[in-house]
């Protein structure tokens, strides 16, 4: 059984169709790229999967459970995490708190222990803190733990956003243009990072990206969207050659790198 | 690490709280009030609503009191001493009223005048009582202000100078029944105001006891400016008169709007109507065929009244309303009480107040009854082309 | 490290008890005049109000203008319990808080879906609705309100009530629940994506804030003799908001200082009765312009800063 | 080639954002008729430089000269009148106004109605897609169309110098190519261009000269082609 | 039935007063997203200026014009002193400053002119028309007419003139507007001047309508007008008019059918209901937050 199965998913805003009959089956452990011109409906897919928008029609089943009608935080707890195209960190909080917030979902102590600092509070806080620091260590952010997230350089903010998403212990990770605003050097590092976390955390990843070098370098399967519909699907090599993709998205010179 | 941070914070909170309270204590130490013994002047505290919701009334009262006390000072003061007038603003807020009263008490005043409204007086009452300082209110009309019904005991230190609600309501009910000979009326009252509600209640009680009928009662709130909805509704019930126990700024609008709606029956009211502004708001014509109860009339030709009106206009640039007149009397009454007490001693002043007999105020001759309410004649005034005309003076038959 | 914490807690308690005791002594020996007492009590109540409003406005980031309404609910409930039903004061305080929290829940659940100014105006509306209802309930004295309330609040109640409120709020904010609220303030969508049930936490903060306002209300009612619906208009909510703002959104110490400052300011301005509110207004504008983030921003005063001032904690803070 | 006149000169420009020292003494020249690229990583200060030139942020010291005139202290809306237009990062079209109104706002400072009409025609021929959508509210346009509108809007001020901030950001590869082709055409029509780009490859392809900015300082400058072949640049900005 | 129509009419005249104030409110909000709590107080100042003119013997039109002029200046000064320094600060700081400005005007006037109510001399013939038992006064026509004219006038300014375009551009994105050569500061100042002039006109008309001018006269109408603006969709000029009239009618009907004491509560309850069903107000549109 696939981890995620989306069938005939459609979404329209007023009269505007943002996504039409979108089908996708994702197996456990896959690394899938979602590409397409601006306004093709890529981010809409993520917003539907994470419950930010209700779908107009269609089905979304994750690990055997229907995602429709679930609130975003419920979906997160079911095991789907995401990052955002325009970074959405908790800017005025510390790096550590950013991760801690993600960690506490699912396991938590009650209000009374919180108010009076009772043993359950002490114990859980310790757990959360240790786990968070460990995660920051992995993402080379531990030294930054006490800093305001908004003060981090751009690349580190992107890393922190991924770290934070991982702290929710997802099975499926949705990355929305993680390389946007990165230089080629950083993009390269990101490429290996994505691979590594997929293996290390046994994740399934769906990636939206304009940077073809990243998509082609990391994805095993690529889905191309245009005007809300899938126009092509296949391995990176197949996609590069596909005339429809070239016409709609890549241009006559094909992929640059 | 985080834990250390938080315990540091905790310490900080504790310390901060401590520092703040200590600060308060220190301040209190520095500013300890001087005792009144060596004071050359007799201090009278004025606690009024000078800002906030009912600033209009509080300011008028205060103006009257200050005018009276200044005149007395000019005439040599009392007991050979000048009076120091300490004016404080309670923001039309009960907590502030407590605050101001305590401040005045700690400054060593021998008497307090004000506040103007029942709630604010009741907030200041425990302060006056526990400090044993007499408090004279100009305009708080609720019975409970001077008399504790629960304990069935008079509030020893509280006095008032205005006629109480039942007196005015009774006189008006008599007048309607006997003189105007009307049987079917309606009431419009300010539901956010105890004065208005008290009068309305009492009027209904007395009028219905005589066999009259109140066919409609409508309310409004003090921020209202449009009264036509209520008036339209009342008018549908065909009353022969409408009783509006409220203040002039609302009454003016109500009468004006009522006449616009073609409501031509008499309007009746109480001392809250008395203000030169009433005519300019409602218009002289609209006010024809209206009557209200009052203690005095600013158009009263008596020399005392006219002297007051002139002095007030000179000092403040406006004509006095009934609040100002009550304030003026309150100031003079207080000075008289001090004189009769023979010493600037709060307890003696209180005793003297209780014994006041036929004090010649501009709002009428005044004595206090056993509940510290004034016994005064009530005047019925008729509006004719924008001028007040005295119809009759009645003594309430309690 | 454990011992260190215990040591610090001990010091805190000693300081608190010292302050408590000194003031208590001052009061019973009549060294602190009634006037200063009144203002100290007013300050305490304002601190509770500002701190609890900060929980909603500063820590959770939702602009509420209905705090006066919850204070009214607490005040009236507690007075009904003590005066009309004749139960003891502690029970009345509890009832006031619980009922304010319930009303907070009823109001918060639907309105907290709104954002920014829309939420502000909706909460203001609810606050006014509460006030209008109070005016129209004869049982509660209507517009006259309830007069002659016994003074049951003493220094012990006020001091420990204020301290407890501050400590509980601070514990809450520094717990995972509080972090969830902060996350919502920073970015609601991202918070949801981290598994934070934003509706739950928004309503929770609102309800806790309301309960705190109810607590302040019951202390207020049993200190100032009289409660009237007109006291609890939106203007009072503005006053509390201004205290929070002057101190700094998201700073508890800020709320304390803000509340204290404005209480003192208001008391000092009493001596200028004619211009009291004009001066107050000018100071508001000046403070907003020169310190738009409030005195403390979202920071708390650091222990280092304090130890520099006082030297009391120098030893312990150096060891960190 | 005629000898080029310096159109814009930055002399030792420093900019602070509150406590953050964003630009640490930049010297930069743009000559009449050139395309100059400014490349560098995120947070290097590229956008800040453009914002300082346009007067949106103020330099704390140093000078900005435009056609020899010191414009350092001139307010932003006056600078536009002198002939400097900017296409800001993230397009920033007026989403609640129609395409046509957006373009009209571009001509806000101008009183020459006939010439404005001419420029409108020019923009619409340059971007036929905007003509198709001229009565549509700008917020409903796709990212590429918004970028075109933003450029068109800037052209309506009839600038001598056009500042472009990340025109390729968030656009699909095909669109990026289209936009860069248009930029070249605009330059061909006589407008001088200062381009800030993340996409260093495209930026160096199109430019005459380029500057490399790192943490608020210029670390490299030269002919675009030379820089494209420079190893450091290749490694950091061109992906090897 | 006749009573019902009379009540509707009562509501219409009350509503057009709310609308008149709400229009200025909504315009200022539209451009700087600031709840200008002092708007009602500018109205009050306008009423006083108009009163001064009227007492000096001037007629209706010159009184209104001078009041508008004075308040336009006041609005600009207010913006310059209390709001502009806070344009980039937090909402709450701006709100605090607005509250401060409001208190300053209220109590400044109180200190200067005392809190007492004053009234206008007769500026208008007090004629009353009777249609089948339903009575309308001249001033009802005056207020309704003025509101309508001003709404059309403002719509014209905002949608047809260059200044209007600049205002809309500034309201959407100040920096981008600057890059178009728009002087943001002066555009905002113009908006304040316009909004305050409208408030002044409303102040004079209200002063005449109710014949009562006092320092706190702007407080409640200001709040109600803000509610009306939110009801209609804040930032939307016709919305403010619709919201105002709707609010007025509701209040009149509530008062007329027994609930006068609960009138304000009902008004707020309706506001809250509408916000919950359609948070952007009746005519308001706002682009949904993009994720």
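Order of writing sets the chain letters: A, B, C, D and E. Residues in each chain are counted from 1.
In this section, a residue touches a chain if its C-beta (ideal position, glycine included) is under 8 Å from a C-beta of that chain, and two chains touch if they have at least 3 such contacts.
Every value quoted in this text rests on a predicted model; they were computed, and no experiment measured them.
Counting hops only between chains that touch, subunit C reaches subunit E in a minimum of 1.
Greatest centre-to-centre distance from subunit A is found for B, with centres as Cα means.
Chain pairs A-C and D-E differ in how many C-beta pairs they share in contact, with the greater number at A-C.
Between the Cα centres of subunit A and subunit D there is a gap of 32 Å. Taking each chain's centre as the average of its CA atoms, subunit A and subunit B sit 70 Å apart.
Residue positions 52, 84, 125 of subunit A are each in touch with at least two other chains. Within subunit B, contacts with two or more other chains are made by residues 3, 51, 53, 191, 221. Subunit E has residues 107, 110, 261, 264, 291 in contact with two or more other chains.
Those residues of subunit B that touch subunit E in the complex are listed here as 51, 53, 55-56, 59-60, 191, 218-221, 223, 225-226, 228-230, 232-233, 236, 248-249, 252-253, 256, 260-262, 277, 280-283, 316, 318, 321. Those residues of subunit B whose C-beta lies close enough to touch subunit C in the complex are 3-4, 6-18, 20-25, 27-29, 31-33, 50-51, 53, 87-89, 91-96, 98-100, 102-103, 105-106, 118-120, 122-123, 125-127, 131, 142, 144, 148, 150, 191-194, 197, 221. Per the touch definition, subunit C reaches subunit B in the complex via residues 5, 8-9, 11-12, 15-16, 18-19, 22-23, 26, 31-40, 42-43, 47, 135-136, 142-145, 147-148, 151, 159, 162-163, 166-167, 170, 174, 220, 224-231, 252-253, 256-257, 260, 264, 266-267, 270-271, 273-274, 276-277, 300-303, 306, 310, 312-313, 316-317, 320.
Chain contact summary for the complex, subunit A toward subunit D: residues 16, 36-39, 85, 153-155, 177, 180-188, 210, 212-213, 248-251, 253, 256-257. Residues 50, 52, 71-73, 76-77, 81-82, 84, 88-93, 97, 100-102, 104-106, 108-109, 111, 114-117, 121, 124-125, 128, 164-165, 167-168 of subunit A are the ones touching subunit C in the complex.
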